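Next, two complexes with subunit A in common: one pairs it with subunit B, the other with subunit C.
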Partner chain A sequence: MNQQQAGLAGPAVPGEPKQRPIEEAAPFRGRFKAMALVAFILFLLAFPHLFTMPFQQHIAILIFVNALMAVAWNITGGYTGQVSLGNTIFFGVGAYTSTVLFKDYLVSPWAGMLVGIALSILLAVAVGYPCFRLQGHYFAIATIAVGEILYTVVVNTQVLGAAVGIQLPILPESWINMEFHGTDKTSYYYIILAFLATAMITVYWIERSKLGFYFRAIKEDPDGARALGINITRYKLFAFMLSATFTAMAGTFYAQYVLFIDPNSTIYIMVSITMCLMAVLGGIGTLWGPVIGAAVLISISESTRVMLGGTGMAVDLLIYGFLVMAVAVYQPNGLIGMLKGIGRRG
Partner chain B sequence: MALLEIKNLTKRFGGLVANDDITLSIDKGEIVGLIGPNGAGKTTLFNCIAGFYNPEGGSIRFNGKDITNYRSDQACAAGLARTFQIVRVFKGMTVLDNVKVGSYLRSGSKSEVHKRALEVLRFTGLYPKHDMLASALTIADKKRLELARALATQPKLLMLDEVMAGLNSTECQEAVEIVRTISGQGVTILMVEHVMEIIMPISKRLVVLDYGKKIDEDVPERVSTNPEVIRAYLGDKYVARSR
Partner chain C sequence: MTFDLLAQTLVSGVLIGFVFALVAVGLTLIFGMMEIVNFAHGEFLMMAMYASFWMWSLFALDPLVSLPITTLALMLMGAVTYKLIIKRILNAPMLAQIFATFGLMVFLRSLAQFLWTPNFRVIQHSLVSDVRLEVGSVFVGLPQLVAAMGAVLTFAFIYWLVEKTETGRAMMATAEDRDAAALMGIDSERMFTMAWAIGSGCVGVAGALLSTYYYIQPEVGAVFGITTFVVVALGGFGSIPGAFVAGILVGLVQVFAGLIIGPSLKFAVVLAIYLLVVLMRPQGLLGKF
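Moving on, here comes the complex of A and B:
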């Protein structure tokens, strides 16, 4: 007992595990990491003032929206190991709910977003409860089916603009309307940066809490997890609800940014697959992986669009395909695994 | 008072009756061995008690509560922990994190969980390996980790499914010592084991299953001379010879 107390008080006793082994073993490295992070955050905050061209800001915003969706997908797909290929339904619900409320009832998109989040959470429970009984690929297939059902419903519903889509009303620009016109996209930039930060802080917190331990246990071995008293359906639902929340936020933001939504851009299976691809490319089950994946994929698709124009329609998908194959073969932990590997060697 | 009371438990898989009308009770603080030839229904009985299967008939009472239709997580929360015959450690997590998953059942406080997990690791002798990935452990240590994880949930009844299988004799002796110490702390133990040299001295009582039926239940010395048990294990020829 005596030895144990001494051990818990500090790392004086050899062989005692420390609460944060990395920082204590290499304080310089920990401090360097913290400084790099602060510098990076300052850079992100200053970005729209350093790069004032609309195109530059547009790319950054696109990366953040997609990173937000990938981070959200990663909560179920990465940490809990439940690969969903239907997360687009939450994106769609987020986009359509705030848009319809805004267009028909002039409800502020901020309030609309909260309603959209609530509906997405309900949808996550309704879809998750039956589907989480399925394991592995069967779960993924069931979520594809749910996405296709919602797609078909929206395409055939006049109130929701059917296949034509909905044009959002152009109102005077203001924070309440979440609409900003002209070439300066700074306000949009900060909104989506704040959304992404919220999601990442939540994930950071989950990683270190009971939820994180339970999520990983469920991913590693569901039966083993059950034997340790984990109600796996309940925790899978928690993960799915969190995922739905952030995806719905991305949906509302997308609608307010583009000011036009249709089923093909919001409830289409490619949207689901892109979320999954970005997380897989960057590194699933990690905090920064999905963000890195989003940055790489968006850069590729936008630069091919710029260089090749309309003729290079599917070139970005071709490059995605090769990248994913390369990741699967050489670096199954994703790009972040590669970065960590370099750090270790150097 | 009996901690675990099983009455007329029956479990079928299609036409196969894996557990046939089994009645069994275990008192607080006992070490009970569950033996029987391959396919006798030992693991099935374990799975029924631990909530992995729902039995077709009969009832299970644990600590005064009816747990017959509990799910496995509910059974564990009620104080009934188990290990698996085929180890199910969380391979991608460290040894310490594996145990923490178990500790989180009883406490939400991070420091409490950390402390409790370290205690369990020290107790089971896994402490020096706390920061290794579970996948890097030897089979003996993986079994030990399963035991540690189950202990971290602070069970009243610990069910061990062949924790000694595949271990060499030194490892077996260490494992026996651990089981004895756990029992000494007031945890009741139900264990399935094939190695007779281990289970005979350690158990207070043995329960013998054959073809899903309970064929004997007694102190180890008397079980080993019961003709029916010898028949189940070795065949008729040896029953005659033993007389």
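Moving on, here comes the complex of A and C:
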């Protein structure tokens, strides 16, 4: 029942432990779940050695980058219920900061990433502090506005490559340069897997800490949360800062992986939309929902691209828009809610 | 800045402002009725423009001649959207409401791209194109003038419909208190459907008028959609007179920003206004709450 209440339908009553009763009632099932998880992690670690074709590794990397962004979006959008349609600003700041530092000052992307994260956190505070007073669609539209303003500014800034974008310097491949050439993408695979794992472990920890209950209380009943003495703005900001951190990491990784960035691929509104769609489809306010959503989206995108050719026919988004509508109307808990529903009956 | 330039900019701003007002009144009407923001509103406009384009391209119908058909088609689209999607999320949490119309936005935009490619299309030689009027030293394109006049007339009609007729009062009563209105024998279901039909109809008229001079492509709704949010926020969500005043203001801001700091940055200025308004005066200029 508790799990049913996650997602769009609103989370569990704050203070009520999540999932535990079921596990306690069925220890065998809990152990099975743990074993399945361990097996899955081992599979992910072995993946680049089992599937050595560049295409297979590329798809896995794409899924992880997108899952990282969706997991990050989910921290504010899913747990605190503040729908940001401008998270692309953090992705853009992450990508542009490390790229500019790398290209013009030969700063290692790892250090550049830390600077990008710091700037993203500052930006999250600057945007969130005033905007978190707004509710629902006012906030959503405000974040669209911030994203579009940054897009317009970057498109008009020559130092940042304007509309043309920036080509990253091709340096000898090494971990310090976060550049790996050739067809083997194993190193990229492990980097992004580690980033995603960091984000998911953080979310797992939040879910089980007091913080998670504060977040859900803010989503479910802001006035009640305030009455209980929770500083709403502070916790919303904290969620937003975490979200910004992981999105900026994704930005730096993207820049190093593709070795080319431009406003359309990093600060465009469609980037924000994609992050949010993946989380919503998979199931917001859940640990695995955004990852499932990302896996489904990338599978749809890549298979339509293969079947129809990359002519920009937007079939993937067509299917995706339809699915999100259907999810919002019929299955507010997303795919993960659907899976859990089937699991319980079966 | 010379006087001529000032007058010219002023006129263009007001003319496009009237069109913004008409698009915005559709959105604000729906919001006023049921507190749902239709994120796909700009995409409805895009659909109307494509409807005009295809009737011109396939049947040689001028956009102004086919305007009633476009309007009816959009009204139907609005009503169907209400029946299929909105009706089911009326009492859902706000997140579900945001995502439902948001999903519709993504769906319609990519549908247009899928069916009609991302190419820019233009309707050449409509009844009004290629004519320019000269009043004193100010030039006014006939398409822009006709669009503005059509928008003002439609806006006046909507205002009359909502404020002065029995049906309009029934709609306002439903907006005020759904249950009480139902006790007075008002079918709230019918009123909501009508609000969506009328709100989308406004976009139908606006799309047909715009298609005589504006480029048509799948993402045209994005720019108009976001501008419309700004207009509605500035005027006050749910306020019809507010939409009119705010439409003209945003039109003026856009052209003056384009003139002073450059056309490529004018959109950023319009968006900055949204942020200023919602943060400093969330109820908008003429908002009720």
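Worth a mention:
To be clear about the criterion, the second predicted complex is superposed on the first by the 323 of 346 C-alpha atoms of A that agree within 3 Å, B and C clash if a C-alpha of one lies under 4 Å from a C-alpha of the other, contacts with A are read in each partner's own complex, and residues count from 1 in each chain.
Criterion: a contact is a pair of C-beta atoms (placed from the backbone, for glycine too) under 8 Å apart; a residue touches a chain by one contact, two chains touch by 3 or more.
These numbers were taken from a predicted model, which means no experiment stands behind them.
Look at A:Asp221: by the touch rule set out above, it reaches subunit B but stays clear of subunit C.
In the superposition on chain A, A:Asn231 makes contact with subunit B only, while subunit C stays out of contact range. Looking at the shared chain after the overlay, A:Thr157 reaches neither subunit B nor subunit C.
Contacts of A:Ser174 after superposition: neither subunit B nor subunit C is touched.
Once chain A of one complex is fitted onto chain A of the other, the partner contacts of A:Thr52 are absent, as it touches neither subunit B nor subunit C. Taking subunit A as the reference chain, the count of touched residues is higher for C when subunit B and subunit C are set side by side. Contacts of A:Asn264 after superposition on the shared chain: neither subunit B nor subunit C is touched. Contact with neither subunit B nor subunit C is seen for A:Thr183 once the two complexes are overlaid on the shared chain. Judged by the document's definition of touching, subunit A residues 8 lie at the interface with subunit B and also at the interface with subunit C. Considering their complex, residues 37, 85, 88-89, 92-100, 102-111, 113-114, 118, 218, 222, 226, 229-230, 233, 262, 264-265, 267-268, 271-272, 274-275, 278-279, 282 of subunit C touch subunit A. Residues 4, 8, 15, 17, 19, 21, 208-210, 213-214, 216-217, 220-221, 223-232 of subunit A touch subunit B in their complex. Here subunit A touches subunit C in the complex through residues 8-10, 81, 83, 130-131, 133-134, 136-138, 140-142, 144-146, 148-149, 152-153, 155-156, 269, 273, 276-277, 280, 284, 312-318, 320-330, 332, going by the rule given at the top.
Taken together, the subunit B residues at the contact with subunit A in this complex read 50, 52, 71-74, 76-77, 81-82, 84, 88-93, 96-97, 100-102, 104-105, 108, 110, 113-115, 118-119, 122, 127-128, 130-131, 149-150, 152-153.
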